[in-house]
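The data blocks that follow each hold one structure.
Below are two complexes that have chain A in common, paired first with chain B and then with chain C.
Presenting the complex of A and B:
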C-alpha cells in the first residue's frame, strides 16, 4: 500500500472511531442521566411504599399491581429497586466526592512539593493498594459495626489512593512543562500555581477515573450489603435485596432477578461512560493514533 | 537481576508488616474487643451479665489492659511462630482452623484462575487478530457484560438455570467435582473478561509495532508472526493484570463461598465477622493480605524472567 492510501485508511478509521465514540458517549450519558433521574425522583415515581410490610401480598409474581412482583415480606420489588437506586447513587456520590477531592489534594501537594513528604505519602498509598481493597474495607467495617454509614466511611478510606496516585503522576509531568515554568517565573505562589495552572489540567483524567470508580463503588457496596455488612433491613439496597431473596430463588426468582438487573445496568452505564470519556479526552486518539 | 529480586522482596516484607499493623490496629480499636463484648459473644451469651472474675480472666487472657504496641508486639511474636491465638468461638487455635479451610479456597481460586486463563487468552488473541469482525464485537460485548455482572447475582442466575432448571450441579456445599463447577465459573467469568480485554488490547498494541511490519515484509506466515513474534511481548501486561486480579479473586471468594456454602477461608471470615471472633478475623485478613502480597511478588519475578529489559537491570 502506498503512503497516501495508508494515511487515507487511517483517517477513515479515525473518523469511524470518533463517530462510534460519540455515539457510545451519547448513549452511556443518556442511560446515566436516566438512572440519576430515577434516583432523584424516587419518591415521586415509586408505585408503593418500599418499606411497608404486607403479609397478604407476600412473594407475588409480577402483575399489573406489582410490575416486579413482591418480596418475602410483601413489599413491592419495583419500589424497592427505585429506592435502591437512590441509596446507591447517594452513597456513591458521597464516597466519590470525598475520596476524589481528598485524593486529588494529596496528589497535587505530594506531586508538586516532592521530597520526603511525597515519598512517605506514596509509600503509604503503595501499601494500601497492596491490600485487596474489599478485604481492607471489610476489616474497617468490622471495627465500625455493619451498616451503610460504615460502608461509606470504609470505601472512602480505601478509594482516595487511586486519585492520589493518578494526580501525582500527572503533576510530575505538568510541573516541568513550560507554562508552569512561566507561571513560576512570573512570581506566582505555589498554591496559585497548583490550583490555577495545574488543577485544570488534571480534571479530565480525574473525571474519567471518577466515572469508572462509581461503577466500582456501586458494585463493592452491593457486595458488602449482600454479605450483610452494609445496608441493614428494612433499608432498600440492591445487594441486600438479592440477599433477602436468596432463600426464595426456587419459587420466586423475581425477587433476586430485578435488583441484580438494576445493578448490572448501573455498573455497565457508568463504566461505558468512563471508557468513552477516556477516549474523548485522550488527545492521542484525537490526533489520529488508533488504539 | 539479584538487585531487582532483593528490592521486590524487601517491598513485600514491608507490605506484609504494614498489613499486620493495619489488621491489628483496625481490629483492636473495635468495640468488639472489650472484655464484656468478647464474654457476651463468645462465652456466656448475650443476655447474661458477666461477673468481675470473668472480666478479669478475659482481660488477662487477651492482654486487654496492656498498651496497644505491647499487645501488637506479643501478637506479632506469636504470629511469626505460627500461633495466631485461639478462636473465641471454636476455642481452638486460629492457625489450625485456617489450615483446615485454606486448601478449599486455594483449590477454588486456582481452578478459577486456570479456567479464566483458558478462556481469556485464546479469545483475546482471536479478537485481536479478527479485529472489528462480528466475532470481535461479540467477544467484547460479552466481556463488557461479564465485568459488569455482580458475582453474587451471576451465581444465582447459574443456580436458577443449572441447578434448579436442569439439575446438573448441586446448589451448594462440597460434594465432589460437580460442586466445583458453578463456583469456579462464577469466579472465572469476571476475571476472565478483564484478562481477555487486556490480552486483546495488548495484542493490538504489539501488532502495530514496526518489528511486526518487518516480519510481514520478510514474508513470514501470519500464524508464525503471531505465535513467535507478537505473543511473547503481548503476554507481559497480561501477567500483571492476572496478578492484580488475584486480589479481586480473594475478595470474590468471600462472596462466592458464601453463596455456595463453600468451606473455604472466605466463608470462615464472614462467619467470624458476625460471631465477633476477632482473633479469627485477624488471622483470615492477615493470611489474605500476605497471600496477595506473595502472589504479586511472584508476578513481578516472573515478569523479570520474561522481560530481558528488566532481567538485565535496566529498570528505572
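Presenting the complex of A and C:
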C-alpha cells in the first residue's frame, strides 16, 4: 500500500513536470513561430516603407498613424522593427545552417578518424575559442569592411567550433558503443556507419545547440550593428536602430524601446525553445519512463 | 560428435599474437594462439573474463582498435585475413563470417527499427530488393520464434524484451548464411530459462545454415551442449584443446580441472588467486602461481603445448 502511494506520488510528479515542460515548449515554439511569420510576411504587414525618409514626421511619439512612432529621420519605427525581424532571422538562419552543417561534419570526421587529423582540427578549434568570439568577429569584419555580408561571414567562422566540439565528443563515445561495433561486424562501410549510425544519434543535442545559438547570434549581430560594423544605413536592423535612437533616449525613448523589446523577445523565445527542447529530448523526463 | 578432421579447415589460425600498446606497457591479449575450425564444427573457447577470448574473435574480423598490433596468420577459406584489404574485409564481415555480439541491450542502434537493421545486413551483401529483403526478415523472425514477426519489424530496440533483442541479433548474425558464426558470450545477462532457449536456438541455426561456429563463453555448461571441440584459454594462451567429451571427462590441464571443479554441479570449489594482468605475466607457466600441482620447473620454464592423446593438446609439464 505504501509503495503504491509512493509510486503514485512519483507518477504525479513526473506528469506535472512533463506538463509544465510541454507548456513551456508549446509557448516558446508559438512565440518563435510568430516571430518567423512576422519575418516572412514583413513586406505585407509593414504599414509604411521602412526606408523612406520624411522630415516632416521626424521623432514623433506613437500615434494611430505610426503605432511605434517615428525615428529621427521620420521613418516608421514599427515598419523598421518588422523589417529588422526579417534581417535578423535571415542572417541567423544562414549563419546557423552553414556553421551547423560545417561544424557537424568537421566534428564527425575529427571524432571518427581520431589521430593526427583529430589533434589538428581540435587544436585549431582551441585557437579559435581562445579569442573572445565578438572581438574575433570584429577583427574579421574590419578586415572585410563593415556590412551585413561581413557579419554573416564572420559569425559563421566564429560559430562552427561549438558544433564541432559537441559532435566530436558525442562521436567519441558513440564510436566505441556496441551497436557501432556490431554494425562494423556486419560489413558496413565507414561512411555508412558515420551517416546511418552515428549522425542520427547526435542530431538531438545539435538541435538544442542550434536553437540556443540563434539567440546568441541575433544578439551578436545587433551588438555589431550597434557598433556600426553590421547593417549600414538605411538598412533596418535592431542594433543599428538602437544606435540611431541613442541621442534621443530622454526625449523620444520609443525610438530605442521598440527595437530593444523586439530583440529581447526574440532572444528569450529562442533560449526558452532551446531549453525546453533539451528537456524534451531527455528520456529521463519523458512520460512513462521507468527507472 | 563427428570428427570432421579429414577435410581441410575452414578457419586456420597460426601463431596469432594480438598486442595492445597502452602508454608504455604492452598488453598481450592473445599470445601465440593456433587453432583450426572445420566446416560445420562448433568450437567453444572457454576462459575467464579478460583472458583474451573476445579479442581473438575481433582479430578474426580485424575489428581491433588502432593501438593494436597483430601478427601471425588467420586463413579463412583460403584467404589470408591479415593481408586482406579493407574492401575485402567488408565483404567477409556479415556475409561469410557472421558475428553475434555480446550484449543484447546495447548492440542495436536505438534509433532504427529492428526490421530495418536486419534488412540492412541482407541488402549490404545480397542483391535483394526492399520487398524481398522484408520477406526474408519475416522468415528469419518466424524461424527464430519471435512472436508476431511482421509487426515486430517496426519496433524499436527499446520496445523489445531482452530475449527478443537476442533473437534479433541472432537473426542479423545468420541472415546471410555465413560459413562461420562468431558468437560472443551468448548467455550474458540472460536468466536460466532464456539461456537454455538461446543455446538451443544457436545450435539449430548453425545446423540450419551448415555453419561452423566459434562459441566464446565462460560457461562450461553452454559449451557442453553445443561444442564439438573445446579450447580452454588462460591469460592469452590456449592451455588445452580437444574434443568436448574428452575435455569434460578427462581434463589434462590443472586449470581446466580447477575450472570444472568450480562448477556448481561439480564441487563448487573456487580457484585460489586471480588471473594475472595481461601486461605483467608471471615467469614460466602463466597458471603456475595458482596451480595446485606446481613444481619448481613450472616457475622457471614456459611449457609448450603438446599432444597428449588423439587430438588432445595440453600446455603443461604434468609434473
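Keep this in mind: the second predicted complex is superposed on the first by the 271 of 291 C-alpha atoms of A that agree within 3 Å, B and C clash if a C-alpha of one lies under 4 Å from a C-alpha of the other, contacts with A are read in each partner's own complex, and residues count from 1 in each chain.
In this text, contacts are C-beta pairs under 8 Å (C-beta built on N, C-alpha and C of every residue); 3 or more make two chains touch, one makes a residue touch a chain.
The structure presented is a predicted model; accordingly, all values stated were derived computationally and were not measured.
J.: Should chain B and chain C be called a clash or a fit once both complexes are overlaid on chain A?
T.: Overlaying the two complexes on chain A (C-alpha atoms) leaves chain C and chain B fitting together cleanly.
J.: Using the superposition described at the top, determine whether chain B or chain C touches more residues of chain A.
T.: Partner with more touched residues of chain A: B.
J.: Contact-wise, after the overlay, does A:26 reach chain B, chain C, both or neither (first, second, both, neither)?
T.: neither
J.: Could you look at A:267 and tell me whether it touches chain B, chain C, both or neither (first, second, both, neither)?
T.: first
J.: Of the two partner chains, chain B (first) and chain C (second), which one does A:61 touch, if any: first, second, both, or neither?
T.: Touch partners of A:61: none, neither chain B nor chain C.
J.: On the A-aligned overlay, A:184 touches which partner chain: chain B = first, chain C = second, or both, or neither?
T.: Only chain C; A:184 stays clear of chain B.
J.: Take the Cα centre of chain A as the vertex and report the angle out to the centres of chain B and chain C, nearest 10 degrees.
T.: Approximately 100 degrees at the chain A centre.
J.: Quick one: is A:47 in contact with chain B, with chain C, with both, or with neither? Answer first, second, both or neither.
T.: Once the two structures are laid over each other on A, A:47 reaches no partner at all.
J.: Per the contact definition in the header, classify A:233: touching chain B only (first), chain C only (second), both, or neither.
T.: So A:233 meets neither chain B nor chain C here.
J.: So if I take every C-alpha atom in chain B and every one in chain C after superposing, what is the smallest distance between them in Å?
T.: It comes out at 13 Å between the closest C-alpha atoms.
J.: State the interface residues of chain A toward chain C in the complex, per the touch definition above.
T.: 114-115, 177-179, 181-189, 196-197, 200-201
J.: Of all residues in chain C, which touch chain A in the complex?
T.: Per the touch definition, chain C meets chain A at residues 61, 63, 66, 90-95, 99, 101-103, 106-112, 120-121, 124-125, 169, 172.
J.: Under the touch definition given earlier, write down the residues of chain B that touch chain A in their complex.
T.: Result: residues 11, 14-15, 18-19, 22-23, 26-27, 29-32, 144-145, 147-153, 156-157, 159-160, 164, 201, 204-205, 208, 247-248, 250-251, 254-255, 258-259, 269-270, 273-274, 281, 285, 288-289, 292-293, 296 of chain B touch chain A.
J.: Once bound in the complex, which stretches of chain A touch chain B?
T.: 126-127, 130-136, 138-140, 142-145, 215, 219, 222-223, 226-229, 239, 242-243, 246, 249-250, 253, 256, 260, 263-264, 267-268, 271-272, 290-291
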